[in-house]
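What follows are several structures.
Each of the two complexes below includes chain A, the first together with chain B, the second together with chain C.
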Partner chain A sequence: MTTALPMPAENAGRGGKIPLVPVLLLAPAVLLYLVFFVWPQLALLMLGFQDRGGAFTLDLYVRFLSDSYYLKLLWRTLVMGVATTMITILLGLPLAYLLARARSRWATLLLIITTFPLLVSAVVRSFGWMVLLYRNGFVSDLLQWLSLTDGPTQLMYTLPGTIIALAQVLLPIMVLSLYAVFRSIPPDLELAAMSLGARPTTALWLVTIKLAKGGIFSGSLLVFSMAISSFATPSLVGGPRAAVMATSIYDLTVTVLDWNFAAVQATVLLVAVLLLSLIYGRLLNGGGIKT
Partner chain B sequence: MTFRLLSPLGLSLLILASLAMIYLLVPIAVVVVSPFGDTGFIAFPPQGLTLKWYAAALNDGRYLTGFLLSLRLASIVALISASLGMCAAYAITRYDFPGAKALEALFLSPLILPTLVMAVALTAYFTRSGLPTGTWRLVAAQSIICIPYVIRIVLPLLQRFDRSLEEAALSLGATPIRSFFLVLVPVIRPALIAGAAMAFITSFDEVVLALFLSVPGQTTLPVMIYSSVQLGFEPVVAAVAGLLVCLTGVVMVIMHFFGLRTRG
Partner chain C sequence: MNIHLNRRSVIAGMAAMTATPLIGSKALAQAKPFEGRTLVSTGFGGSTMDIVADAVFKPFDAQTGATTTQMPMQSNAALARMIAEKGSPQIDMYQFSGGQEVDAVREGLTQAIAETDQIDALAADMRDPDGNWVAWAVIAEGLVYRTDKFDTPPTSYQDFFRPELKGHIAFPAITNGYGTDFLVMLAKTFGGSEDNIDPGFEAMAKLKDETIFAAASDIPTLFGQGDIWLMPYDTGNTYKNQQAGLPIAFTSPKEGSPAVKITACIAKDAANADVASAAIDRMLSPEAQIKIAEGMRWTPTNPNTKLPADLAQHVPDVTQLVSLDRAKINESRAAWIDRWNREIAS
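Let's turn to the complex of A and B:
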């Protein structure tokens, strides 16, 4: 925490005049943001309420919410987001907990290895999954070897395949947010619970997981909003047969050139992500999570 | 650890964590290992052992061009984000003006906004505006998603910076610009380098903006990989991706040692 520093003397004396230096320092970044960020975003919002001629209309939103194809797209996007988040919680919790609690010097190395996939382009990681998920691929062989399936399984171009790949792409983000939360919970609390007679499992559940609940929730919001808006993995692994909103937005923008309808879907996605981040911000500020 | 790792609880956590680790690393290992296979198609586990695909990838001029373009764009984006981000962060922390908080929120907002939404907005905007085409569009767009990383890393450091150091330099006769470079820059340099590195990696790996705003004949390496793996598993593409993973690993190790040295 820092306290507000006193203003430099040369600026304080000038009264109503706008100081030149900060304006010059801020101008390039502000200009860049206004011209290539704020204005295009506002234009996009407007596009969704316009027909091809530019007149105001709500038809496109009505079309999105009444056409069963697009509702299915929305549903698939939500399923993908929820399933991806659940897998990252299931695998992220034990990994983050052990990394946060381990006292060995290997823990740092393991943490670095966990974050390494974040540096590898999502395209490259999705490609790895394409090789693994293909019919007669490694995952299909593994499922047969485990006697879970009888014949080859095609996971490429399916929603489950997309979810498996996307959860791997986003798992490091969940691990990093949970790691920070577990580091902030002193292990003494578990010891105290155990010295009062709780078994390790109970202590872990009643003390640590309960305390980490806010962190798990905020990590989930983050992963969920990234999952529903990510493009490379659903496009490569899911393809047109497991289309979600992100891939539909790409097709509308680049192939069909129907920007108005692309704007509608992008706005729906944007509103969902903004709402989630609002809740996320509330959680961070309203206590419950120590960062 | 408050409980023994060999207890049932410890073991089950350990097994789940190991599974998570394998899950994280296998698809990346696949990309590196499968181009060693001798077959004309990509398979995992690979059959046979050959270096021909890796050799072909290194000798393929198209991928080299894409790589060099990505490298050049990422360098420009890192430079722009680091300089604009630092100037903005400096102005926000140093000068008390109304709206500073709002500006900070504006600068950080691309962190929340999905890149996909930005890509759609910019595609429509650029096409209708009649601005000249070129890779500068991509540079501008990627700079906007990279500036937040720089600001987020540099801002806390600037807030903690002891301003009396700078005042001391000024009172000893240094010009404001000299004191800025001699006093402030050395303090924030590690953060600035970290921010620039984040910007570089983000720009280099970024595929959504690069795909939407791509100019014919000027395709970045991730877009090249994206387009060709959609059509089929050409072993050369896999080798290019494998090389990219190895390069990322090397860069990470260098960054790690560099980070240790700047801190110590």
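Let's turn to the complex of A and C:
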């Protein structure tokens, strides 16, 4: 801080114009990030390359990457994230479109109802799902009543159960991301497309959905990263049998007290998210923009 | 006898009268050795924390002038916190239920509790030889079953393998202390021990398709919506759920009820170690121990505690419980968890 401030002035004096105001505006956030994010993240990264005595080692990464159990854990986490994201896109797209295009005064109310679950703690929502997903719970009864299953179905303590609960928890995030984008696309564009001969569905697909790609991307990224890092829902609804990276990191930190290996898992998770986001962003942009 | 009331004697008398309460309050103040002091302890959260507060900390605060707060924290998390705060503890006193006190002592995170007659009276396995922890209660583990599904109560850990109960069994994950003890008791049932855990894993593998849960908070829904009839758990949670209206009961298996020690210890370098010592002694008082037994069905450790007969029949006596080799269990925990994750939970 003390060295950062005089420098711009000095540079400005020499003619290399670094404007003071943006630097000052950025400084608090950057400082906060450095102290509370970058530094701890680096410390975490270092921890993963140390054995219990503090000496440098790659053993922990070898242990993770060469053990099918941990790889399965990572795979299950990514499946959970992707499935949750896809469900929220499927449910969120029509809902957000409707909310954004609705002219009725009910639209605002609907939007509030949609986002309302965000106000309820994830723990409370998960407890609600627990009651519904047990063998004698509502979902199982409903499936039997619809003759979709013969006997009771246990969704509690399974990965599908976790995904269902997570999708409900994270749907508002997707809807809000899409809503903002749909609102910014003028309905006139669809009308213009139709006046040029496009059928309504084609117009919707070619114009609106493609323009909303940015919203789909940011919504997916948010939902995906929140899903794979969420702890309350997987630990309550998924339980030990559907263990994911977040619950494994918790167990390692709190029960086994192996913080070094927990750091390895946290880092692997972070890298996996970054990689997947990059690939996803490429796919979404690469497929759409044709020049 | 003539009493001469003059102005001087009346004034003197009135002065004496007003002075009396002053002297009284001063004497009281001297009897409150921790006036203005604070004590921070961990607590087990929920109603347990409230009952412990009512039985121990509130009367303790009233008597000594201290202000005690309990921070809700599960034992595992508490130990992690204790390690993280090594050298400058923010929490003076720790309550553990999963044998973490042994690790805490080994890691040099504790200090000796001031010795008292009540601590001396404890059985040898209810206190640390070096005075670093005491067990202020014991929880009996055993079989918890749906009373409407059993004509005769289950009697043994063998009952988990009865074919007619298939699909109606639940047991806690190994990261839950009771899950570890269940594994050890299965090992003992089938010829193993803390040193020879293989028979436990082999037996548990036969139950791997049954419901595995994480915490006591799952119990109400398991017995309710989960269609579960039998699980290994403890007296305290059985009682709590009975009060909530669940048709369940606790019974001690013939292989023995493992005892879970509920311990207290003081963080090394804690600012309020003297207050913590006095509070721990208070936990061992028969009045507090009876209140805890009443509220939670936890077994008293102070041998001078005499439970009322109607309460005693629901609370197994400390002498009836089996002490597991906690040092060995703690030592093996990481390896067992790793093996359990692969063989049982997958």
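By definition in this document, the second predicted complex is superposed on the first by the 230 of 291 C-alpha atoms of A that agree within 3 Å, B and C clash if a C-alpha of one lies under 4 Å from a C-alpha of the other, contacts with A are read in each partner's own complex, and residues count from 1 in each chain.
Note that contacts are C-beta pairs under 8 Å (C-beta built on N, C-alpha and C of every residue); 3 or more make two chains touch, one makes a residue touch a chain.
Computed from a prediction, not measured in an experiment: that's the story for all the values here.
In the superposition on chain A, A:Pro240 makes contact with chain C only, not with chain B. In the superposition on chain A, contact is made by A:Leu25 with chain B only, not with chain C. In the superposition on chain A, no contact is made by A:Val223 with either chain B or chain C. For chain A, the partner touching the most residues, choosing from chain B and chain C, is B. Once chain A of one complex is fitted onto chain A of the other, the partner contacts of A:Gln41 are limited to chain B, with no touch recorded for chain C. Once chain A of one complex is fitted onto chain A of the other, the partner contacts of A:Thr253 extend to both chain B and chain C. Of the two partner chains placed around the shared chain by superposition, chain C is the only one that A:Pro152 touches, whereas chain B remains out of contact. By the touch criterion defined above, A:Ile89 lies against neither chain B nor chain C after alignment on the C-alpha atoms of chain A.
By the touch criterion stated above, A:Met130 is placed in contact with chain B and with chain C alike. In the superposition on the C-alpha atoms of chain A, the part of chain A touched by chain B in one complex and by chain C in the other spans residues 130-131, 137, 235-236, 253-254. On the chain C side of its complex with chain A, the touching residues are 74, 76-77, 79-80, 83, 103, 173-175, 211-214, 218, 221-222, 224-227, 333-334, 337, 341-342, 345-346.
Against chain A, in their complex, chain B makes its touches with residues 1-3, 7, 9-10, 12-14, 16-17, 19-21, 23-31, 34, 42-45, 84-85, 87-88, 90-92, 94-97, 103, 106-107, 110, 112-125, 140-141, 143-144, 147, 159-160, 163, 201, 204-208, 211-212, 222, 225-226, 229-230, 233, 237-238, 241, 244-245, 248-249, 251-252, 256.
Residue ranges on chain A touching chain C, taken from their complex, read 69, 72, 130-131, 134-137, 152, 154, 156-157, 235-236, 239-241, 243, 251, 253-258.
The touching residues of chain A, counted against chain B in their complex, run 2, 4-5, 7-8, 11, 19, 21-22, 25-26, 28-30, 32-33, 36-41, 43-44, 47, 90-95, 97-99, 101-103, 110, 112-114, 116-117, 119-125, 127-132, 137-138, 165, 168, 171-172, 175, 187, 190-191, 194, 200-201, 203-204, 225, 229-232, 235-236, 246, 249-250, 253-254, 259, 262-263, 266-267, 269-270, 273-274, 277.
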